[in-house]
Amino acid sequence: MMEEILEQVQRGSLSVAEAKEKLATYENLGFAKVDHHRKNRQGFPEVIYGEGKTDVQILSIIKAIRSKGNDVLVTRISKDKADYILQEYPEFIYNETAQILFWKEQKNSKDSFQGYIAIVCAGTSDLRVAEEAAVTAQALGSEVRRFYDVGVAGIHRLLDNIEEIQQATVSVVVAGMEGALPSVVGGLVSHPIIAVPTSVGYGANFNGLSALLTMLNSCASGISVVNIDNGFGAAYNAVLIDNLAKKGAEKG
Amino acid sequence: MMEEILEQVQRGSLSVAEAKEKLATYENLGFAKVDHHRKNRQGFPEVIYGEGKTDVQILSIIKAIRSKGNDVLVTRISKDKADYILQEYPEFIYNETAQILFWKEQKNSKDSFQGYIAIVCAGTSDLRVAEEAAVTAQALGSEVRRFYDVGVAGIHRLLDNIEEIQQATVSVVVAGMEGALPSVVGGLVSHPIIAVPTSVGYGANFNGLSALLTMLNSCASGISVVNIDNGFGAAYNAVLIDNLAKKGAEKG
Amino acid sequence: MMEEILEQVQRGSLSVAEAKEKLATYENLGFAKVDHHRKNRQGFPEVIYGEGKTDVQILSIIKAIRSKGNDVLVTRISKDKADYILQEYPEFIYNETAQILFWKEQKNSKDSFQGYIAIVCAGTSDLRVAEEAAVTAQALGSEVRRFYDVGVAGIHRLLDNIEEIQQATVSVVVAGMEGALPSVVGGLVSHPIIAVPTSVGYGANFNGLSALLTMLNSCASGISVVNIDNGFGAAYNAVLIDNLAKKGAEKG
Amino acid sequence: MMEEILEQVQRGSLSVAEAKEKLATYENLGFAKVDHHRKNRQGFPEVIYGEGKTDVQILSIIKAIRSKGNDVLVTRISKDKADYILQEYPEFIYNETAQILFWKEQKNSKDSFQGYIAIVCAGTSDLRVAEEAAVTAQALGSEVRRFYDVGVAGIHRLLDNIEEIQQATVSVVVAGMEGALPSVVGGLVSHPIIAVPTSVGYGANFNGLSALLTMLNSCASGISVVNIDNGFGAAYNAVLIDNLAKKGAEKG
Amino acid sequence: MMEEILEQVQRGSLSVAEAKEKLATYENLGFAKVDHHRKNRQGFPEVIYGEGKTDVQILSIIKAIRSKGNDVLVTRISKDKADYILQEYPEFIYNETAQILFWKEQKNSKDSFQGYIAIVCAGTSDLRVAEEAAVTAQALGSEVRRFYDVGVAGIHRLLDNIEEIQQATVSVVVAGMEGALPSVVGGLVSHPIIAVPTSVGYGANFNGLSALLTMLNSCASGISVVNIDNGFGAAYNAVLIDNLAKKGAEKG
Amino acid sequence: MMEEILEQVQRGSLSVAEAKEKLATYENLGFAKVDHHRKNRQGFPEVIYGEGKTDVQILSIIKAIRSKGNDVLVTRISKDKADYILQEYPEFIYNETAQILFWKEQKNSKDSFQGYIAIVCAGTSDLRVAEEAAVTAQALGSEVRRFYDVGVAGIHRLLDNIEEIQQATVSVVVAGMEGALPSVVGGLVSHPIIAVPTSVGYGANFNGLSALLTMLNSCASGISVVNIDNGFGAAYNAVLIDNLAKKGAEKG
Amino acid sequence: MMEEILEQVQRGSLSVAEAKEKLATYENLGFAKVDHHRKNRQGFPEVIYGEGKTDVQILSIIKAIRSKGNDVLVTRISKDKADYILQEYPEFIYNETAQILFWKEQKNSKDSFQGYIAIVCAGTSDLRVAEEAAVTAQALGSEVRRFYDVGVAGIHRLLDNIEEIQQATVSVVVAGMEGALPSVVGGLVSHPIIAVPTSVGYGANFNGLSALLTMLNSCASGISVVNIDNGFGAAYNAVLIDNLAKKGAEKG
Amino acid sequence: MMEEILEQVQRGSLSVAEAKEKLATYENLGFAKVDHHRKNRQGFPEVIYGEGKTDVQILSIIKAIRSKGNDVLVTRISKDKADYILQEYPEFIYNETAQILFWKEQKNSKDSFQGYIAIVCAGTSDLRVAEEAAVTAQALGSEVRRFYDVGVAGIHRLLDNIEEIQQATVSVVVAGMEGALPSVVGGLVSHPIIAVPTSVGYGANFNGLSALLTMLNSCASGISVVNIDNGFGAAYNAVLIDNLAKKGAEKG
């Protein structure tokens, strides 16, 4: 591309000023490529972290996003703030457990890909984080199946569901307290696992530190970990992986 | 008892000096009872913590114990030191993995009690601690069954053995790294579990802190925890519990 | 049992569909046994952790439990929520200090067993946790004796009660601040001790970490530890142990 | 499958004893499937963690693996021990920096898949961990490209290589000290990143804790983390992901 | 000076009492010099830490300062308290984001010095701390340029501004979460960097500990660190450095 | 004093130069007084911290001290180094357990004071620290009585000695592992207690942190704490207190 | 005494029942002595820790204490609760800064003792803790002098007061943030120092941990430390020491 | 510059290929500028971190540097390795305490600048780190004055030197144990202070954490902190600041 510009200058079909501007763009091409890559990801809606932003601030960001015709994903947004947005955009979907508000253009995609992400969750008290992961993954375009309340203290509940979990492309495994679930799942499946420690617990739980250390030290292979309570981050990772499988399948 | 002594004084059948001595004994009776209780425990050999003691020091303590005819249990004793002791007491038994040296008088007890302690162990690298627990429990007079290398990353190995574990009186569950095994066992058995975190691992394991926190935060009921690598302490607890069941049974 | 089913199929006395259903049950027998074990435990009421559940949610769980005729135990439930439940079930018992609501079918058991659990408590500020343990143990069917405000800074208060503590089957020892009480009790009794650190204290207490570490490092034998403030867990352990002694005694 | 067996019994074409054995197998099928999944993974060599095992122990495990015709991967094995193995198996490959010994059957696979894993490394002192990841990934069958010494303090070195990193299927990013590299890479690529903190550093580095926390708190999306110095675990994750992309591509 | 006083005493031109008082002053001269140095610094307004002081208390301190004709700088002061002060001193300037209230005498300084402090900030959520630094530096008399929202996850935003940052005398770099920004800036500039970790984040961020450790472990040279959220302290340091450059330039 | 000098100058009996020199001394009098106070303390030997110093270095410091006729106290000095010193100063006393070398001038003091410092020690493994305290206190001139191996797990051993401990002026209480001894002693005596945590223990002891936190959180009044293993510091404090009592008594 | 009782029994001047009761008392003499010691301390009022107690509870405890004619000291009591008590006992003194309520019988003691406790305080924000110490010491009967706002960042303020501090019997030194003040004071005085870290600060202060570690690691001798914010405990220690000096002086 | 190239292309005085190459260079100009800035710094020798490198590796790096005529600075290099280098380069200077080897071209600079860096050090055991700072600063071209053994426990030693410290451009203050020295110095000088915590100490010092926290929490303004033991980093910062003052002065 640089060569082309220079030849146009040589031929006189491009002024120095015009060439300079184009090359300035080119000059940033490394980063433009980055953006281009980002474009490819999208289909991904732009993500707004709702915590610490006012409803007015969130609304104005959403307007800017929608003006470009893009999808919207707001995480960690309370019902109050979501209601405020929904007055303007009643077509948006709000999931109160997940604390997520999103909107996604419907596409007539005949998606032949059969893959799905398994969202596996130890206890009912980890639901908020599990749902943040599940709804995020759906908003980012992946199929999701939920396997909730299958914690290690009642291992048969997990085993009753293990075949369906095994057939997922990737699992997001959410657990608080002792955080042992990813290790057990990791010994039963052959796909990648994104483990999410939650801050659920008390005493020597230290706001999720216990579960975090458990997951980092897992003796099962194929497990990587995200920050405490970071359901969004886990889903984001899972969707990247799910898309790799999808892309391969689509090429076929 | 005090009353009796005083009446003897009143009757003149006991001098003041004699009464004084007896009462002095009585005065310490609270603690004498303690010792009496300790006696009941025994059959328990006296326990020597070998780390940081020289072979000469250990030998002299053993001689004192043996001179009273008591059993001997030395924990955390290296092979070198044990060999030194074995020259004098070739009848002693040394278990190198457990780092335990002990001697126990054979009794013709027709013990009708069927109970046993299950020593359950996550990985081969936790063997030293598991064996410290197992040999301690045996030296203290309990029946022991070992279930080793049944960590959560291969849950079927545990499930293959679960019925025999379920029939134990009490389990000692030893695990390093993420320390999830007690939680899983706790969901499958109905007897008390003594959990032992080990310092096996690396990185964010922090010398056993990870496993310790996991066990303290277990979502399964019926689990209590001892210090990192404290196989001896876990076995001691387990034997106390096993003896309670045994005593009941013997009374029957 | 599997053999029997197959023979019935062979004989034609059982259809394939009927056999399949029975075997499906059988197939899960490993875990069914678990449940069976759990049944044996019961007599134990089912336990509901009240924190983070609404009164409506708790009520609906209770109804489900009562519909099966089972006993009820709700821990960490505030007076407000308990009052809501008591309107429907005025026969339930609420202990505000313990934050426990429970109901237990009266049985005409002529329980010849003399054992009891000692609940030993360092200071008045540890009362909530001690009562959680005491009431839990009672709700789970054990006899309980309370020894409160016998902290180590006034050792004679403990010694005044030590004989009665010594005769318990098992002790639950609750202490905050420096958490030294279990070590002292551990040197005076010969039965198992479940130690409960509490988050009572300030400054370098770090929400109970100080007491937790103290108890894990105890130089007395026969002590195991549960999570900070986990009075319920300690009682659950103690009852398991008490039942072992009881069972033996009953056999007799 | 169960139905089929029962019908055979009904028809008399299967004896009760034969049916019992088959059902016994079936009963464990959940776990058999697990193993089947594991088989699919393989091609993966079985992995031996060399630390804490003697050369004799390692050799005997290798012999067992080779007797089944399987590939071999030994991690954390010192040169001394590797030399001992190489006397018996001179065809094995030892990488001293990575501390890995492995052997892999050559296959005439015409692998049309173009994907590769990028191993990105902050500093020369993180080489051991980066090489553990790189050699593991190769031993597990993935293509690998190395981008070493591209730490954030000289950001242009990273930018000079960013396009080739962007085209990888997945990146393993290794960094010690402040551990900032994954965040920067995460902002420049659109594929999943497995971040590996290393224990390289001094002072307030606290044996890798600093880098670990940095990576868990990364503000870039698409990053998940493994334990400190766990190059093997990161590579294992990366290969699972790489295989998902490969599998899709192969199907095409 | 001491000599002079003594000679006056010798000559009789100074009484013993007068000499004693003068020498007492002299005796404290070391500290008087300290104060003198402090005077030199000023131009620096006196600084009031507003947190934990009532509006009435702050007002009375301000009055004392103003009565000496000095400038005023109040940090960590809420809008409510500031409004109270502004009623009395409407000429004061309040910056709500920075939580700073200040007043500075206008001087007709023809300041030929071209230097400025770059305030560089990773994310919008770090704004409060960045503004505390920026407004402090301005109130203390330095030129400031702001470079906000240039976090490492979008490195091109930083690179777009890097030349202007490079020409600053000194940079204050503010970052929360993983705190990687100072390392990247440190690799791109040749002047001193004062790094400020913020408590922005969640989970394993531990109230800013993560960012603090990152900055202390930075592999880039020329970085020193202040306490978490201490925007004021960073600015104070930066102004001291900026003044050194200014002083040199002014001498010229 | 200043007045006097000035009057001498006024009178001409002191030259300006002479006065200047005297006043220069006077000018530093605040600090001179400090030294004067230090003198009063002494009789205290000067203290050399032996760790990290060579035998040659220690010898040369000792020579300087002895040249002024002062007493000598070297702490944390190994036997090897002590032997080197003893060749030159055979009259010095070396205590190997305490790792202390000292020399003290004999005085014919008819010390009517009856007070003593109680050195109380939990376990035999804390001996090194207890002896460091005991020998330091003796070297600094106090009477010392040792009460060793009276840990809380065998409370009667402590109670057997409690009266003699109660009559001390001040107690130094040394304990590792759970560090509970000072709390128990604190409840039984009415004089000040200096508590010394030791690094003896393993697992969750964290090199003495456990004992340190226990002591800081003690529910008994009258306890203050020094650094882990700091037997010297505890003794120094105790001697200061003992001297206050002695001084009062001597005045009488 | 035991002998005497026995002789009376022998002589018949004491019945067995009477002797038994007397001996029961004697039997507890070890602890009675403890109480006796406690009596000696008193003059010390009994201390009530107000935090977590209701005004009604505090009042009832006070009534019990007053009914025995004893002095009263309530720490950590809010103004609301204090006002409630003051309605009943208007003669009590409440210090709001110190959060202390106390009452002390006036005695016509002609106390010839000149000693006092120096309460030294780094910053105005440490006032609450310093006043807790000061008022406690006064309520316990010691003379107190306050030296406030003499933190190390303005060392001349400390030096201006150092002589008066040097003449105290013992110092309580209170400091938050970096907690350096006790080290500096420790280098300037020759009496014991009780150091109190406070939780004042932010960021890497970690609720007083920073100041606590500073004080424990002080390179000055003669310093011991109490828990974070424990002004009461420091004063209690200081008064014990002050009384030792006083007692000596009184004997004289 | 880009414009110029384009005009040459337009004029035909530069071929497209030549222009492309030149622009490629230009394209990286942002980073080229960075390097240019780095050049300006230099005069700074290139820095080699010697720890973990062999003598052979260090020598080969040095040869590369010397071949470009540049100065050399090797930190953390042991005497053994330094001796190896000195055989080849006998003109190099090795400072064993500082563990630094360097070489610097002599310049006939008539440096009129009077500024110097004060290296202030609390105790003799911090010497290694202080010397690392001092020698680094000298090797980087700054004047240095050393003020050693002026710790806060003997504040008069510091005050005796304070005037000379006050006149420095910038101070590097090194302290271990409680790390209080920078706070005291910070209250006495008006220039920037770079504080260096050292790992000197024991017990609750936690390898320098204590001193690090102290310095971060300093109540004195004008202090920033580098990593534990990072004398090099502190000096590097100080030289950057010193050069700013120098540059100003030179311009004059």
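Every chain is named by a letter (A, B, C, D, E, F, G and H) in the order it is written, and numbering of its residues begins at 1.
Definition applied: a residue touches a chain if its C-beta (ideal position, glycine included) is under 8 Å from a C-beta of that chain, and two chains touch if they have at least 3 such contacts.
Every value quoted in this text rests on a predicted model; they were computed, and no experiment measured them.
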Field: Mutual neighbours - chains that touch subunit A and subunit E alike
entry: D, H
- prompt: Of all the other chains, whose mean CA position lies farthest from subunit F?
  reply: A
Message: Quick check on subunit C against subunit G: do more than half of the interface residue numbers occur in both copies, making it same, or fewer, making it different?
response: different
- request: List the centre-to-centre spacing of subunit B and subunit E in whole Å, with centres computed as mean CA coordinates.
  value: 62
Query: Per the centroid of Cα atoms for each chain, what is the distance between subunit F and subunit G, given in Å?
result: 24
Query: How far is the middle of subunit C from the middle of subunit F, if each middle is the mean of its Cα atoms, in Å?
result: 50
- prompt: What whole-number Å value describes the gap between the mean CA coordinates of subunit E and subunit F?
  reply: 44
- line: Residues in subunit C with touches to at least two other chains are numbered 30, 34, 155, 159, 187-188, 203-205, 209, 212, 216-217, 221, 227-228
Task: Would you please name all pairs of chains that touch?
output: A-B, A-C, A-D, A-E, A-H, B-C, B-D, B-F, B-G, C-D, C-F, C-G, D-E, D-H, E-F, E-G, E-H, F-G, F-H, G-H
Query: In the complex formed with subunit D, which residues of subunit H make contact?
result: 28, 31, 34, 52, 197, 199, 207-209, 212, 227-230
Query: Tell me, which parts of subunit D touch subunit A in their complex?
result: 30, 33-34, 37-38, 40-41, 47, 159, 162-163, 166, 169-170, 187-192, 194, 212, 216-217, 221-228, 233-234, 236-237, 240-241, 244-252
Message: Applying the document's contact rule, which stretches of subunit B touch subunit A when the two form their complex?
response: 122-123, 151-155, 159, 177-180, 183-184, 186-188, 201, 203-206, 209-211, 213-221
Task: Under the touch definition given earlier, write down the residues of subunit F that touch subunit E in their complex.
output: 2-3, 6-7, 9-10, 12, 16, 19-20, 23-24, 27
- line: So, in the complex, the side of subunit H touching subunit F is made of residues 125, 155-156, 159, 202-205
